[in-house]
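All chains are identified by letter, namely A, B, C, D and E, in their written order; residue positions are counted from 1 within each chain.
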Amino acid sequence: MNNANPIISINNVQKYFGTFKALDDVSLSVDAGQKVVVLGPSGSGKSTLLRTINKLEGINSGSIVVDGQDINDPANDINRIREEVGMVFQSFNLFRHKSVLENLTLAPIKLKKEPKEQADRRCLELLEKVGMVEKAASYPVQLSGGQQQRVAIARALAMKPKIMLFDEPTSALDPEMIGEVLDVMVTLAREGMTMVVVTHEMGFAREVADKVVFMDEGRIVEIAEPNQFFDQPVHKRTKLFLEQIL
Amino acid sequence: MGNKQVIIEVGDGAAIPSPRDKGLFTAWRISFFGTLAIIAYLLLFRPDPYLDIIKFLPDGIVVTFQVTIASISLAIVLGLIAGLGRISRNRLFNLAASTYIEIVRGIPLLVQLFYIYFALGHLIRVPDMLAAIIAMGFCYGAYMGEVFRAGIKSIDEGQTEASLSLGFNRSQTMRYVVLPQAWRTILPPVGNEFIALLKDTSLVSILAVSDILRRGREFASESFQYFETYTMVALIYLLITLILSKLLSILEDRLSHYEQR
Amino acid sequence: DATWPPMEFVNSDKQIVGYSIDYMTAAAKAAGFTPVFKNVAWDGIFAGLATGKYDAVCSSVSITEKRKKAMDFSTPYFKVRQALIVAKDSSVKSLADLKGKKVGGQIGTTGYFAIKAADGVEPKSYDEVGLAMEDLKVGRIAGVVCDDPVAANYAMEQYKDSLKIAATIETGEVEYYGIAMKKGNKETLELVNKGIEAVSKTSYVQELQQKWIGQ
Amino acid sequence: MGNKQVIIEVGDGAAIPSPRDKGLFTAWRISFFGTLAIIAYLLLFRPDPYLDIIKFLPDGIVVTFQVTIASISLAIVLGLIAGLGRISRNRLFNLAASTYIEIVRGIPLLVQLFYIYFALGHLIRVPDMLAAIIAMGFCYGAYMGEVFRAGIKSIDEGQTEASLSLGFNRSQTMRYVVLPQAWRTILPPVGNEFIALLKDTSLVSILAVSDILRRGREFASESFQYFETYTMVALIYLLITLILSKLLSILEDRLSHYEQR
Amino acid sequence: MNNANPIISINNVQKYFGTFKALDDVSLSVDAGQKVVVLGPSGSGKSTLLRTINKLEGINSGSIVVDGQDINDPANDINRIREEVGMVFQSFNLFRHKSVLENLTLAPIKLKKEPKEQADRRCLELLEKVGMVEKAASYPVQLSGGQQQRVAIARALAMKPKIMLFDEPTSALDPEMIGEVLDVMVTLAREGMTMVVVTHEMGFAREVADKVVFMDEGRIVEIAEPNQFFDQPVHKRTKLFLEQIL
């Protein structure tokens, strides 16, 4: 692996929930512009791994360096680091009391002190990009799941992050809506965004991923390029998983 | 079949008529129009003593509302602090808030009123009404704290996570994301507490604050028409709380429409 | 505590009126100050005095040894005795006849202390004397003890159909009303005493007696 | 994403310490041992006047408990009737129960106490303590009615249908199937109401019933030691409610274990 | 159809929920000992039909005669009629506060004044029959879904009903438990019980049913013997349904 100048570098991370070991000696590095897809059975620690990258979960040992800053070093302002790292959740988590456009502009206006007009203009462009500009004035409850998720992606992009994390962004969607969200993600990948994606969409993984990470029981079992991963998996556990899922 | 956990808690506010209850004879209507009818009957057909009684009461009603509104304002401020304390990760702040709530809820309101009224007098010289307001606000702040806590807890954790991941810190998250959503959940129980507090302001009559009940007692002690006076006092209170609870239920209805947009 | 007719009470115009009020007003005029009257619940009236919520208590306060320890008193301005009120059809002649029965009085008054001092009577304290009268009227208690002008007011006027004065109680010493002041408040004490002295020499006292007590 | 409806209602009982809260410094422990320590300190180091005060109170405590227990018993009976009325298909019974609850909850407890106490006196001659108990029981019956209603409603409709389809009629179903299951849900809020009622019995002191507060007031009015007396009265109430709420939480814990068998 | 002496006779029943017509001119008769399986898409009124038979739902017009008694005639004691008609629910509805044995004995003891010892003995035999005798002292929460449903059947049998109604008795069960419940039902059918069963278990319908009733939108569309129903359905709607489900 090319570890010359990784934008995310996860080193020997251990993470416990009580006495339960959710991450066990996990190391992973992601270069700028790389797209990493994380696969694994339920409960294997995929979400936990993703959430440690922007410190929604703390860790017990090891280190995580994002864009040159150790995120668990109290000297570094975690809030500034989080601005660099966009996150998209399975359950969308749009702010229910704000319109679609306000969902996007809230953070830039409050955190980056961007003038409202400029934020509005810029965010409308983002909505355009995810195909949601006609719904700018709607409220989240009025949108379908797929529409909400596209807005959620745009909201994360509004902070101009260097990295985007996706935690099963399509799992809560009806089948007919999965496509529209994946399209947005593919476009984003084409534009060179650094992405770490937890997903069960194998097509997306094959098409977009630079590398596929397979986790099981809190450990990274295999890291490989998608073609190799899907066609010639090395580990027994990986083979079993692929058999079940494909 | 797992075990279902059901928790019942009964508010202290007046029963809130369901706005969906469209029947002609709802309990609210019976109570409300019944109360109105009785008051009208008494005033028209037995003006002596009821007209005298009702003339005696208006400034008491004003005082009751003054005390209620001032106390609830104080209670909301204290309640917000206590509620934030109860969910705070700061152990000390959390314990302080919990202990405040535990102690206040463990002592009868009347005893606290007496205590704060007299003890406060030892420390600083405050007017009676202010002392009563501080005492009521202090006590209701604890109840309000639990309302705020529950309201904040009712907001999905995902909202907080989304906000944090955009770069907001915890207090910005509370301010921009959680509280604006929580108030809709909080408003109905705050309304209930308002009604409950209005009723409990009758206790300040014991401290010689001239609220409705005090006025009534003054009238009765001079005219000896205890029965008639308390009848009128009870009817007035009932009328006020029925109107307030109706307003509250209309407000709640609006809110839920708003939610369903 | 304006629940003590005819000495001090709230009339139908919501004014605090009564014998004490008029007396004090006259005394103040004589001494050159303007009193502001404030209605305060009896139970706690001395606490308010101690904490300085007001300067003096003019509320039919009998001067007692115990009270003297806690506060200062003006020269006496009214002589009272304690009266026992019972139901009209009762044959009770004295507190001693009420052994084992409940007798009510207002909390913290000399009347109530007299009940407590009586042998074998079950004392019952009320926030207001009027409430005790109500309970007497409906038969929850067998008697009420209070200052005689108040007793007269109830038994002769308000409840003349159902209540009567059975006896006046000898408490040993003569009881006088005085104005109570916070201990050490010399300035107010002198001012009040000056006023009372001036008024007590005039015929206004008889006028007041006539106006409020009617005898 | 449908719209989530969250209802917050805050009980009037003392804060119930979570039995799961195993930390050494819980708010309950701080309050409880703090209260004990202060009482001990006052009695040991300032026996004058605190020893005199505490000697004055015991029969007041007995009266408080007597009134509380008698009132809650009455309230439970009335509450059961009101609760059944509120879910009854009999329109008249239902309306009567709802109106009773609406009216009682719309009038301050203190006003009702005055009213029932004095008005009742005009009609029948009942001893004062009984009158106080009737008044408290009547008021709390309304709150209890809501507790019973919620408890009964919490039992799955399927239980009723199964019972009916076996041939039980509606009242047998209530008796053999619904109520035996409902009591587990009802017990905790009834416990809460018990504590709330115990605190509210302080109001009967105004009716010249010699409860803790009345005893304290009598002591204070003679000794003029208002501050010290109310301190002790507040501490005693706090101690009682803290102990009761602990017992209640232990009971609830037992119950939930029982459920999880 | 042989309507000589039907034990259940449903005649031109209409049933509304508010303005919604849940049963539309439904007629059906069931002879003693017959087994009738009711099929139909979701919302077609199957449960409603079943529940009108023991008056858990009232009807708006028409009549239902069970064992010679018009159940909607106020002169007839519905509670005595219900004793004749056992019902088994999708969600079991065992009494949660009673042990398994007490679930069975409660109604016989309270309603039929059967002496406790006799009721216990008889009900233990019933538990034996459904294979639940070892769990007699257990409480419902301690049982699996399949076990609960078998107890529920035994509870209904404890009142010695002439008719048994089943509303999707296996729909709430995990696949491995469906068999044990169907076995009990097949046994019961063999013993000659009159049964009306709403189910999606086509195997059961084929094996046990004397006639199959197909409902759609509150109407009975087709009544036929199982072989004919499954192999040569008459109505278009029936064919469509069978295509979807098989």
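Everything that follows uses one rule, which is that contacts are C-beta pairs under 8 Å (C-beta built on N, C-alpha and C of every residue); 3 or more make two chains touch, one makes a residue touch a chain.
Because the structure is a prediction, the values reported are computed rather than measured.
Q: Under the touch criterion given at the top, what is the topological distance in steps from chain C to chain D?
A: When the steps are counted carefully, the minimum from chain C to chain D is 1.
Q: Go through the assembly and pull out the chains touching chain A as well as chain D.
A: B
Q: Given the contact rule stated at the top, which pair of chains has the most C-beta pairs in contact?
A: B-D
Q: Distance between chain D and chain E based on Cα centroids, please, to the nearest Å.
A: 46
Q: Mind checking the centre-to-centre distance between chain B and chain E? Centres are C-alpha means, answer in whole Å.
A: Between these chains, centre-to-centre, one finds 52 Å.
Q: Averaged over CA atoms, how far is the centre of chain B from the centre of chain C? Could you give it in whole Å?
A: So the centroids are 38 Å from each other.
Q: Scan chain A for residues touching two or more other chains and write them down.
A: Answer for chain A, listing residues that touch two or more other chains: 92, 141.
Q: Using the touch rule from the top of the page, what residues of chain B touch 2 or more other chains?
A: If we look for residues of chain B contacting two or more partner chains, we find 3, 114, 118, 122, 206, 226, 259-260.
Q: Could you pull out the residues of chain C that touch at least 2 other chains?
A: Answer for chain C, listing residues that touch two or more other chains: 43-44, 47, 50, 127, 131, 134.
Q: So in the complex, which bits of chain D are touching chain C?
A: For this pair, the touching residues of chain D are 118, 121-122, 125-128, 131, 206-208, 210, 214, 217-218, 220-222, 224, 226-227.
Q: Under the definition above, what is the set of chain E residues touching chain D in their complex?
A: Against chain D, chain E makes touches at 54, 56, 79-80, 82-83, 85-87, 89, 91-97, 106-107, 110-111, 139, 141-142, 152, 155-156, 159.
Q: Over in the complex, which chain C residues touch chain B? Could you list them?
A: 1-3, 5, 9-12, 14, 39-41, 43-44, 47-48, 50-53, 127-128, 130-131, 133-134, 158-159
Q: What residues on chain D touch chain B, complex-wise?
A: By the definition above, chain D touches chain B via 3, 5-15, 17, 25-28, 30-31, 34, 95, 98-99, 101-103, 105-112, 114-115, 118-119, 122, 143, 146-147, 150-151, 154, 156, 185-186, 188-189, 192-193, 199-203, 205-206, 213, 217, 226-227, 230-231, 233-234, 237-238, 241-242, 245, 256, 259-260.
Q: For a test of understanding, state which residues of chain D touch chain E in their complex under the given definition.
A: That would be residues 156, 158-159, 161-169, 172, 176-177, 180-181, 259-261 of chain D.
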